[in-house]
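Structures given as structure tokens follow.
The two complexes that follow have subunit A in common; it is paired with subunit B in the first and with subunit C in the second.
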Partner chain A sequence: MRSLSSRLRCSYLAALTALRERAAYAGNFGASMLTYGLFVFIFSRVWAGAYAGDALIAGYSLDMAVWYFIVAEISAFGFGRFFWGLSRDVKSGQVAYLLARPYDFVGYHYAERLGGSLAEVGFIALEGLVAGLILVGPLPAALVGGGAAAGIGRAAVVVFSLFLAGTLQFYLQFALALSAFWLEENDALYWIYQKFALVVGTLIPIEFLPEAAARLSLWTPFPYLSYAPARLFVAFSWDEAARLIGGQLAWIAVGMALARGTFALGSRRVALNGG
Partner chain B sequence: MDERISIDERRSADPGRASAAGASAAGNTAGGASAAAGITAAGITAAGITAAGVSSRRPGRLKAYARFLAAAFAANAKSALEYRVNFLVQFFGMVLNNAAFAAFWAVLIGRTGSVGGYGFSDVMFIWALVSSSFGLAHVLAGNVRSIGRIVMEGGLDVYLLQPKDAFVNLLASRTVVSAWGDLAYGFIVLALLPGTDFGRVLLFCALMAPGAVIFAATFAAAESLTFFLGNAQAVSSALAEFMLSFSLYPEGVFGKNLRWLFYSLIPSGFVAFVPLRIYRAVDWALVPALWGVAALYAALAKTLFNAGLRRYESGNRMDARV
Partner chain C sequence: MAVIEADQLTKTFSLRTRPEGRFAALRGMIRPNIRAVEAVRGVSFQVEEGEVVAFLGPNGAGKSTTIKMLTGILAPSGGGARVLGLDPSRERRRLAWSIGSVFGQKSQLWFHLPPSDSFKLLGAIYEIEPKELARRTAALSERFALAELMDAPVRKLSLGQRIRCEIAASLLHKPRVLFLDEPTIGLDVVARKEIRALIAELNKEDGVTVFITSHDMGDIEKICKRAIIIHHGRVVIDESMKALKHRALSKKYLGVRYAGPVDLELPGLSPSKRTERSARYELDTAKHSLAEAVRALASRGELEDITVEDEPLEDVIAAIYASKSEDEAGAFGASRRVRGAGDA
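After this line comes the complex of A and B, so read on.
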């Protein structure tokens, strides 16, 4: 019990320190925010062009499609770059130094990296909210309708789903990054992962995909990275929330096992030398 | 792994110009600047080899520059291929990156028929052309988006002290490995597009080359603002991001209010939208006009770089290019 509480305290401090450090240099988010804003603007125009002759496509109106993109990209921008730092640590040998520290390696990095990314996610989410209100108008009725209390409850579920998306992103990218223990060049693995994530639920909702592809995608982790929070944001229902969040939790369990397994196998290959 | 690749300038040194070592010594003494205080561009002018000085003279024999560029390309390619795994990973990674967007467009246009007046083939064509133009610009002029950093770090001296024009030398002395994937992706897509024949491949190449020049010139001009602003990285990155992003989506979706921008500061119109119209109509008559526009952008970029170079002051950093 004491061990658990000290672990949690260590994780909390790691997350808080990383969050403060990132927030102290908020100017560094400028490039991400600029690119995110540019993408939101361009895709709002692309969707306007796509909806020129249609009121609904695959069950989505124009406003829903734009709001969907805004939320889906928060996950992609805010949680999409864990891989590089982790992979670099393994390739540079920095991991040998980190392994010597008295903490749970995977848990510590989860807290530190996710905690640090929350500052950027906050800035991007705020920017997306403002951009959406300007480009589209009011928030989706499915999210905010039916009174303030109900709206806040649904918004909290969306935020929780976004947090789970970040957690899943971390564990999957962690496992990919640690492939550097075996592969000198593992960037291609991340690119493949990133592109699947982009096509399956980030750029477009999975309902837009051909039916067989959409059904198949639900058996992969990709819809749970961006699609889950974005779908809940634009077409919230408690049934769907339970299904999507259940899927996120299940894939997090798989991702965590994969990350810990990869770390256990990979860390045996580290050779420490004095100096 | 560092993807920057230097070339051996000595292979293509122009015998008609001062040697790098001689120029260095002359620059230091004639300018009266000590090594610790740094060498100014004005100081080196005494040796007659600053880019400003070079620009005021004839640019040199075309054949000599063609030989120089060919040597630079060969050395860069050889160096890139030295790290084969890295090269292949970046090559196929970039192809895959671009292919993901093709999947997006296939799905979207499969649902709507067209977006902003563009069908699937049109969108794929601009992706192919922009990808290849962007790739070619970075394969041949890999330093084009590093000019600002090089200026800030005082790394221009090594180019100023060499006999070839500093602007050309600086741009051509590096290749970007992933850009080879961009370059190839355009031709892969072109081969898959319906109706592609030898004539259309030639037309594609004739449109790609000015596109590459316009990309390089625009990026170089933005990077050259570093001479005036001290640090123009934010402006330069934003311009690069905007130009690439706007070029890859149908012109029609942006409306008429932004159109002036696409034919001036962010010349997406000249690297994507106009070439698409030419390609659709197979209108070779307009190709020379596009080359003219590319030459104009290149001249403006060179002028801006040379104007900025007069303000350049180096530190006492020592570089060696081997």
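After this line comes the complex of A and C, so read on.
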């Protein structure tokens, strides 16, 4: 049985090594940064058109809507690719070689793959911050008002929520990717997942949805992927932070159980013929 | 003491095939044709501690599948295996502490980072204390001559350098058994020689049991004491290298070159290749006396050159590989098999 300290050291080094590998070439992030920048610019113009004459839509001002989009897309862009790597590893049989190690497979890959994505998230977040300051102006008052210490505290909560969003993304995508043990073609599953995630809280806040749909969506994991950190960024309140982070933690528990269950069943089905 | 035991080890894969005819794709979705492919069919053998065993066979014979079952990567469909007293498929994680594996075509090193980073991560995976890890890394670095490679990104290393790093990485946790699946694939002559020397040294100095698959007969002849040949998923030969080489001695290649044209036909023996004044004969020493053949050829004319060569081990094994059906392979194996005889 591995001790907690050795597990933590292993996770830390896995995350750090993956981060270094990804950061070996800053150019790796060029494509996603370019696409992200383009999305932010286009949507800032779309919202400007949509808000013509309206001060608020569903409680969001134009500035809030643009900042919301900037933060929601950080999660979608930075943590949206776990599925492809994992699914490819299962389909190609590479996963079999990863099994021959004395580690907790799910835990190790959480550390490694989330760690690898942090460099990209960092670059995109920085780009989003600069883009927001240029396109919108100052950061939302709900986040930074009331003094530096309070502002830092609230920002830390938003960063924590973003980290939890990445964790939830990992576990859900891990479970989806491992469906490749049973399905020869599982990309369609991810496509459906991605579209739900996009509509429920990434492209638009859930308050923009019809009331019944918004209420229903809170019983799904999708608002906790992008909506939670973006909502806290533009309309921070401690009550809402507790509710949203509580939801994120609950869904992470569900996602973790799903990922571990899928792995336990799927790893028995590893089949790779030939060298 | 046996450290690897395979008992009637079997692996059957299910292969989905598309039905023929109209609406084949649609019918395939509803009721796919599933074909069973028997990759390994009841393989049994034992490997003693400290042995270096070659596990040979043509492509598709079941070598890699067997190694994957022995390392716990694949669960067998039938039979059983024990490595260091553990059941690989049920106790994979426990077993991983005591075995090392290198799959020549798969890398365990991070491509854009120097090997030292991968070594640190592997050290953490195997719970090696940082000080101890530094000591082991230094020792392996010296033995495998990695000092200058440790800080270069893996993508900048030659294949030979990378494989040296891969083997060193697989030894960090001091495994008792090392599984090498085609470790010299794609390497040049010099790199192959280096890797072979290192494997032999590991076995001799540290007593590591080595189970190796390779298509390179040089690897086998130079470092292995025993060969298990698998064909069509079954063991057809399991004997010492000494015994296997002895088979090669039963066939000789005799080459002659004369100063002028001579009659090259010998009683009961025709040349396999000939020109007007040179010939090459394949002699089965059970049927023909080598000495008599040499005497007879020397009396035919003025000899400029004469050579006698053993049948290359590669040819002996190629003859087994070339068997067209499993029965043929079985018959070939049965006729040649000398289980346990002449063990080194």
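The working rule: the second predicted complex is superposed on the first by the 268 of 275 C-alpha atoms of A that agree within 3 Å, B and C clash if a C-alpha of one lies under 4 Å from a C-alpha of the other, contacts with A are read in each partner's own complex, and residues count from 1 in each chain.
What we mean here is this: contacts are C-beta pairs under 8 Å (C-beta built on N, C-alpha and C of every residue); 3 or more make two chains touch, one makes a residue touch a chain.
Since the model is a prediction, treat every value here as computed from it, not as a measurement.
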Side-by-side fit of subunit B and subunit C on subunit A, or clash: fit
Contacts of A:Phe39 with subunit B and subunit C, given as first, second, both or neither: first
Partner chain(s) touched by A:Ala55 [first = subunit B, second = subunit C, both, neither]: neither
Subunit B versus subunit C as contact partner of A:Leu4, first or second or both or neither: neither
Touching partner for A:Ala148 - first (subunit B), second (subunit C), both, neither: neither
Partner chain(s) touched by A:Val270 [first = subunit B, second = subunit C, both, neither]: second
Partner chain(s) touched by A:Glu184 [first = subunit B, second = subunit C, both, neither]: both
Partner chain in contact with A:Lys195 - subunit B first, subunit C second, else both or neither: first
Contacts of A:Leu209 with subunit B and subunit C, given as first, second, both or neither: first
Minimum C-alpha separation between subunit B and subunit C after superposing on chain A, in Å: 6
Shared subunit A contacts, counted only where both subunit B and subunit C touch the same residue: 184
Subunit C-touching residues of subunit A, taken from the complex the two chains share: 2-3, 6, 9-10, 12-14, 17, 20-21, 24-25, 94, 96-97, 99-103, 108, 184, 268, 270-275
Footprint of subunit A on subunit C - complex, ascending: 13-14, 16, 37, 39, 59-60, 63-65, 68, 71-75, 92-94, 96-97, 101, 103, 105-106, 108, 110-113, 117-118, 120-121, 124-127, 153, 181-182
Of subunit A, residues touching subunit B in the complex: 30-31, 34-35, 38-39, 42, 45-46, 48-54, 57-58, 184-185, 187-188, 191-192, 195, 198-199, 203-204, 208-210
Touch list for subunit B against partner subunit A, complex: 85-86, 89-90, 92-93, 96-97, 99-101, 103-104, 107-108, 111-112, 115-116, 234, 237-238, 241-242, 245-246, 249-250, 252-255
